[in-house]
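Submitted below is the structure of interest, expressed as structure tokens.
Labels run A, B, C, D and E following the written order; every chain starts at residue 1.
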Amino acid sequence: MAEQKARPDSRAGPDNAEPLLSLKGLTMGFRTDEGSFIALEDVSYEVPKGQTVGLVGESGCGKSVSVMTAMRLLPSPPAFIRSGQVVFDGRDLLKLVPESMRHIRGNRIGMIFQEPMTSLNPTFSIGFQMREVLRIHRSLKRKEADELCTDMLAKTGIGAPAQRLKQYPHELSGGLRQRIMIAMALLCGPDLLIADEPTTALDVTIQAQILELLKELQQDLQMSILMITHDLGVVAESCRYVYVMYAGCVVESAEAERIFSEPGHPYTRGLINSRPRIAEKREWLKTIPGMVPGPDNRPPGCNYAERCERCTEQCRQEQPQFVQYDHKQAVACWNPYP
Amino acid sequence: MQRNWIVLVLLVGFIMTWPWSAVAGEGKKGGTITITYKDDVVTLDPAIGYDWQNWSMIKSLFSGLMDYEPGTTALTPDLAESYSVSDDGLIYTFKLRSGVKFHNGRELVASDVKYSIERTVNPETQSPGQGFYNMIKGFDDVVAGKTERLEGIETSDEQTVVFELSRPDATFLHLLALNFAFIVPKEEVEKWGADFGKHPVGSGAFKLKEWKLGQSIEWVRNPDYHFPDRPKLDGVIFEIGQEPTVALMRLQRGEVDILGDGIPPARFVQIKNDPKYKDQIVEGGQLHTGYVTMNVRMEPFDDARVRKAVNMAINKDRVVKIINNRAVVANQPLPPAMPGYDPDYEGYPYDPEQAKDLLAEAGYPDGFETELWTMNVDPNPRIAQSMQQNLAAIGIKADILNQSQGPVIAAGGEPDQAPMIWSGGMAWIADYPDPSNFYGPILGCGGAVKGGWNWAWYCNEEIEKMATKADSMSDPAQAEKRIDLWREIFIKIMDDAPWAPIFNEQRFTMHSPRVKGKPSYFVDPVHIPINYENIYVED
Amino acid sequence: MDCNYLLRSFFYFDLPGIEFAVSYAWRKFLRKKVAVTAAGVLAVIILAAVFAPVLAPHDPYEQFFEGLTLQGAPLPPSAEFFLGTDLLGRDLLSRLLYGARTSLIIGVVANGVAVLLGTFLGVIGGYVGGFIGGAVMRFTDLMMAFPALLLAIALAAIFTPSLWIVALVIALVNWVWVARVIYAQTRSLAESEFIEAVRSLGASWPRILFLHVIPHLAPTVFVWSTLGISTTVLLEATLSFLGIGVRPPMPSWGGIIYESQSYFLDAPWLVFFPGLAILMLALAFNLVGDALRDVLDPTQRGRG
Amino acid sequence: MFLFLAKRFGASGLIVIGITFITFLLSYFIPADPVRMLAGRSATQETVESIRHQLGLDQPLPVQYLKYLGRLVQGDLGRSYKQKTQVAELIASRMPATLKLLVGAIFFEVLFGIPAGIFAASRRGRKADNLAMIASFVGVSAPQFVVGLLLLWVFAYKMALYPLGGYGGLSHLILPAVTLGITGGGWYSRMMRSSMVDVLQQDYIRTARAKGVRESAVVLVHGLRNAVLPVIAMIGMDIGFFMSWTVVVESVYGWPGIGQLTWQSIQVIDTPVIMGVTLVAALAIVIGNFMADLIMPLIDPRLRVR
Amino acid sequence: MTDREPLLEIIDLNKHFYVKGQQRPVRAVDGVSLELNRGETLSVVGESGCGKSTLARAALRIHEPTSGRVIFKGQDLLNLSRKRLRAKRKEMQFIFQDPYASLDTRWPVGSIVTEPLVIHGAGDYRSRQKKLHELLELVGLDPTAANRYPHEFSGGQRQRIGIARAVALEPDLIVADEPVSALDVSIQSQIINLLIRLKQDLSLAYIFITHDLAVVKHISDRVAVMYLGVIIEFAGVEELFSNPLHPYTQALISAIPRIDYRQSGRRIVLTGDVPDPSDPPSGCRFHPRCIHRMDICSQEQPQTLTLGSNGSWHTVNCHLYTDAINL
């Protein structure tokens, strides 16, 4: 399977910087009652040290699944990994014993999630949940831990941090909760922060706050961020490098600036053009016809072929190869836009 | 008056000769025994306690003017030192034993006797025994609430009680041996009020030491008991809430001395067949009859032929077998141990063919449908089913209605509700060993009223007259004749067949090897399961 | 409103969909091995009950003379009486087979009545609301707090027990749970967006209730119609065990145990076989009902 | 919080009163005359009427009920017709046994039900899960009287490990408690499982894992605290459930508790005792729910507001 | 009725409701006044919890408003009997945010789409079937969809079903509550285009409830900005985006993440969260987060000021402009 569909290295290599996290040819799927299906096909991307990388795509394209797989947070069964590697700081995470993996999670890789309302345990105080991280990864006295927590809360712009520790999630607003999630993820000073749709559930004004905050923190702490989002605007605002996913595959990777100015893959282009823009007035929005194929009925060739305006017979038959334009852009398409 | 003296002499002779002397020489004092019961002991108030379990307990905690010789149904004076009856049978004079003390230390005097019986008769007490004393003069006034004093009881001095009856009654001495006539100290009754039943103070062989509700009752010897050689035991412990099956196992292990509830029916066959326990099981008759009533006011049981047919249809041997032969087949209302039982009477034989003929004669060649009521506690539904099958064989389709006791009793007390009732579980165990006790409420006209206990609604004027006559034959000289009259009455009743007598339950008591005493003490007709006063232990 | 449309919309349009839903549910159900096994057991019991007259080796009511020992003890399993005899000398196997009828009839009838009653009151409580709905639900709360077995015992004492009375008594005790579940579901349906949508189209309340709310309750009702039977069977057995079940000599599994419970040490087969039968029946209904719940109505979970 | 509890208490009070009313009505309609049974077989008509009058049973039903309530308010449960004892005293004497049984049963339920549920949930979809769930359904489907008799037969009779029923120490308690708890244990394990399965799919569980929390702690700390809530609510309701099932279990084991008292009283239509027992059962339900209401906010802070 | 008369006029509409355990009512909609002309699209925009969905429902009496007037085609909806209101509903329809939750999953699509026709007794069976096919075609669904059930469709298709149902009776007004928020980006554009096309074809008027300013900009004629139950700014779309007056509107517009990569310039980042609607701040409800906060803001509720630049009409509720109007 892996050999047949092998593609040239999809990584264009953001800035040639040394990668901190890299997924290499990850193919995985789920077994269900209805049979098993492949969710991710040969997914490769990488996050360099100290940079923010975006992972964009519509719902169901596999962006969250890829990081959950990388972090080994998917229960198996039903999830299974067919092939690939997840290299973090030189080690393949997929080969680690669970105990070592545990020491990476929350310690060297922090994660924040889409739903700040539900991502915190409602039955434990903020303080407990934050201290827990320190208890697991650092052996600190309670007082030291509390200090560290309040510091971190203050850093994420939360007022009266000492009181917050005593509060429970339901007493806080969504924005605050997301800040707390961020603070919690950053407690151990991770090298990488995985932000899975961190602002999707938030209001625009709060989203702006959180994005600003992430930007500041990244500069302060010199960490890498993998930003998963479906919102091209968020990517444009916060990422230097972007991977676009469609139906379980990475279809394009490029510098953020490049991807918006000269999108190579028809899908990327369609996505960008289908958003209404504040700055210009158009009568009709550009649309992408049809729907994303489900994981159980993907075509033999390019997954996007059915919806693509530049589709050829080759597209229907063969999986497209990655075409590397330069170090700034690579596209998996038989007929990419120039 | 002369005859009174004869009675007295006879009685004194009785007292001096075998029962007491025999008992006095038998066994030694000391030791404590353990008895188990499943159900709670309801009350130990002699005016109220009226079930087989507390009946004999009360007898050992209290005493009355009269008692029975242990293990028999023969009357004997107890608190009475002597008594005399007037010629017309209306005046009874009792001389009390002197120096008898209540458990609280006070001496028992004649006014206590008066008080105790008045208390039983007083409606406020709600004594189920009240109605027994309706022959005492002034009874009606007390019942009507006009007075609390019974006109018919006089205490001329501290040791003498005189009863005046409104009509002669041959059973009166028996009635004084009933628990309801046992003597209670007024001050204690007033102290405890309605809770006297939980704090009984009497003058019996034992006194209550401790009662843990729902768990145990502990008795100790009454050192001041007026029979100095009794009781033999230092104490008795009742453990409450013990399953009969468990109790049996514990007895086998030696932890328990007497099975209060008897041998559990389910284990009966095994235990009975085990030679190891041969000496520990005592069998005896009871003053009990199990019977099916047929409502003579409801069709088709208004026809005596139908009732006779039912009598002939029921295979009583099979019924007895179903309860593991723990009974003997009955053919008349009276149990064999009861004076007046007719051993020569053959009754209705088991003969389905003839039963069918009788039915056809009565106009039911194809039988009919009816209902058989029964109480819903094992083995009664089983017995009912066995009879149901017998009835079905002659074409009577009886629907079994099994209910808890209350509704069955209620239905029996209505003239038109229950055509047939199997009496099991609610059946008649005699209060006192006299045949009259089997007539009045359950076969006499007085019981055939709404809410009454004559579930057959049988009322025969002729028999009623005979019964009245028999009851007034209080002269001891007529005793034999009286019994003969009763015998005749019950056989006559069987001609009308308002009942189908089924069986007389046998009593089986099992005791540990260390408990000794005459076998009759263990199947004492009035002390169930044992006569606590007279048994002893040998370790 | 033309009836034609109603009919069409229900039968013409709905049919393919229902077929689809049913076949989908069916396939999902078949994948559950345990449930299929349980359904098999159920089928066996139902067949045994239906064909009891054919299958039973003896008359279940016949008290055989040779069915008891001379001392009146029941016989252990033998060639003549496969599962032994009961305390009246009747063939236990035959009584068990006929007893299955009792259990099933009471199970189905009692539970059917309970489900109907519960659904009716639940819908009133959940959809009508206001004073009536509130009163209905307060009453349900009350009955919920009433010790069920005590209620059944008292009811059984008031009405002389018979097959149908026992069924009724059980129904009167059991409807409460159905009412609670239906109430909760109706409430959430009544507040759901698609009902809001239909209301915004201008639909009248009977239309909403009968065409939109009630069809959604169908799976729950169906699930409870199955799941509830196990509770009913157990309750019937328990009532019989306490001596207030169906009228003897009608065979009932609980009744057999009731009659023989004190003999269980010496005649354990009299407890074991009927006990096993009750267990199997209740278990089968439970497993099938639970699987149906998973398949049809995964949101409902409660104590039956 | 206080207001909330007060409201709950008020509602509970109404429920208790409603229950007493229904019980009163039921005992009134039971076709048996307690006075007849009380008065004995030799009683005259006058005596019966006089007793009826003394007990106030000749008054119209509403008056009887109101008088009953009036006495109830003064803490007087009445006197048993049959035993002539204060009902309160009777119940009090039976209470320790029943309480022991209840505690034992709940202990058993919780001890087996909850771990089994957690175990099954953490192995969801695997063989162990299936087995545990079938076992729990066996527990739910097993009639208690059969379980009781079989346990007695096996463990007390054949193996002689425990006494053959009866009241006493721990060895007496084990079999009845297991019997009473087996249904609940089955339910709890099912509830615990489904609740835990739900909880383990929650986002905060993912967060906990992402923090590097040990899997056992994810389940037992983060999962359990959330998943146990419905089970606690259920235990609250169960106390009422038990009050009626004790009738069966106590009858099988000869356990001298409220259940036996109930059964005896029903047999002879001892209305005051029946009323008292139902009241106790209803109170048990109310108290059970109330305790659940008190305990749940300790576990879930969201319930603490108000 | 003249064309000049607005199709829908909402005057001082209030919707208060009580939340369990809270003493004071939540004033979800607090004295809102709006008007909508025929064939016009009015967007109501605001963050979650600002009361925009409640406003939409209260205006159509899907939820009974507390007080106010809603004049639809010259008739006050709030005075109508339930029966007459039901009849009136054929002229005003609703589209919901969650296309799955708003469709009866037990009904086939054909029945769902024709249900409004049945309810209002439009045509016979045959004509309704014809209409059904037209409608399906209109919203871009396959005719075979009629026999299938909602769960067999994707989110975008379901929203098309919802839209088909809404336009079945050819209403004058459609209130759409976040109709595209739950959809994927590539599907959003399809639905938006569909809505615009329908508006042109069927001469509809929309009230469009959304939080997505980019969509608002694209689709609306006029925009009302809502904050904590109050309309704080109301203007034509071009006017509003080119000249936002209220500090909140300004922040909102600047907070939109832009795809137009190079354009992202200075951004106003608001501090704090939207306050609890059951306990809104005194005075101007926005004042705790406002960068131009003045003393008066916490004391007095600002009046609705009508301003205009270049002759266009524009209202705003803000103390900043009290002086401007006096000039």
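Heads up, the rule we're going with is that a contact is a pair of C-beta atoms (placed from the backbone, for glycine too) under 8 Å apart; a residue touches a chain by one contact, two chains touch by 3 or more.
Keep in mind that what you see is a predicted model, and the values were worked out from it rather than measured.
Visitor: Of all chains present, which has the mean Cα position farthest from that of subunit A?
Guide: Centre of mass proxy via C-alpha means gives B as farthest from subunit A.
Visitor: Between chain pairs C-D and C-E, which one is joined by a greater number of C-beta pairs in contact?
Guide: C-D
Visitor: Find me the chain with the mean Cα position closest to the mean of all the protein Cα atoms on display.
Guide: Per-chain C-alpha centroids ranked by distance to the global centroid put D first.
Visitor: What is the chain whose Cα centre is as far as it gets from that of subunit E?
Guide: Farthest by centroid: B.
Visitor: Taking each chain's centre as the mean of its CA atoms, how far is subunit B from subunit E in angstrom?
Guide: For subunit B versus subunit E, the centre distance works out to 90 Å.
Visitor: Where the CA atoms of subunit D average out and where those of subunit E average out, how many Å apart are those spots?
Guide: Computed value for the inter-centroid distance: 53 Å.
Visitor: How many Å are there between the centre of subunit B and the centre of subunit C, using C-alpha atoms for each centre?
Guide: So the centre of subunit B lies 47 Å away from the centre of subunit C.
Visitor: For subunit A versus subunit E, what separation do you get between their C-alpha means, in angstrom?
Guide: Here the centre of subunit E sits 33 Å away from the centre of subunit A.
Visitor: Would you mind listing the residues of subunit C that make contact with two or more other chains?
Guide: Only 157, 261, 264-265 qualify.
Visitor: Can you pull out the residues of subunit A that are in contact with at least two other chains?
Guide: In subunit A, nothing touches at least two other chains.
Visitor: Using the touch rule from the top of the page, what residues of subunit B touch 2 or more other chains?
Guide: Subunit B, residues with two or more chain partners: 245, 377, 404, 406-407.
Visitor: Looking at the complex, which residues from subunit A come into contact with subunit D?
Guide: Answer in residue numbers: 71, 73, 77-78, 98, 102-107, 110-111, 113, 115, 118-125, 132-133, 136-137, 168, 170, 181, 184-185.
Visitor: Show which residues of subunit B lie in contact with subunit C when the two form their complex.
Guide: The touching residues are 245, 264-267, 269-270, 272-273, 318, 320-325, 376-379, 381-382, 384-386, 388-389, 399-404, 406-407.
Visitor: For subunit D, which residues are in contact with subunit C within the complex?
Guide: Listed in rising order, the residues of subunit D that touch subunit C are 14-16, 18-19, 22-23, 26-27, 29-32, 130, 134, 137-138, 140-146, 149-150, 152-153, 157, 187, 191, 194, 234, 237, 240-241, 243-245, 247-248, 251-252, 262-263, 266, 269, 274, 277-278, 281-282, 285-286.
Visitor: Enumerate the contact residues on subunit E facing subunit C in the complex.
Guide: 57, 60, 62, 85-90, 93-94, 96, 98, 101-108, 110-111, 115-116, 118-121, 124-125, 128, 146-149, 162, 165
Visitor: Going by the contact rule at the top, pick out the subunit C residues touching subunit B in the complex.
Guide: By the definition above, subunit C touches subunit B via 61-63, 65, 68-73, 87-88, 157, 160-161, 243-244, 247-249, 258-259, 261-267.
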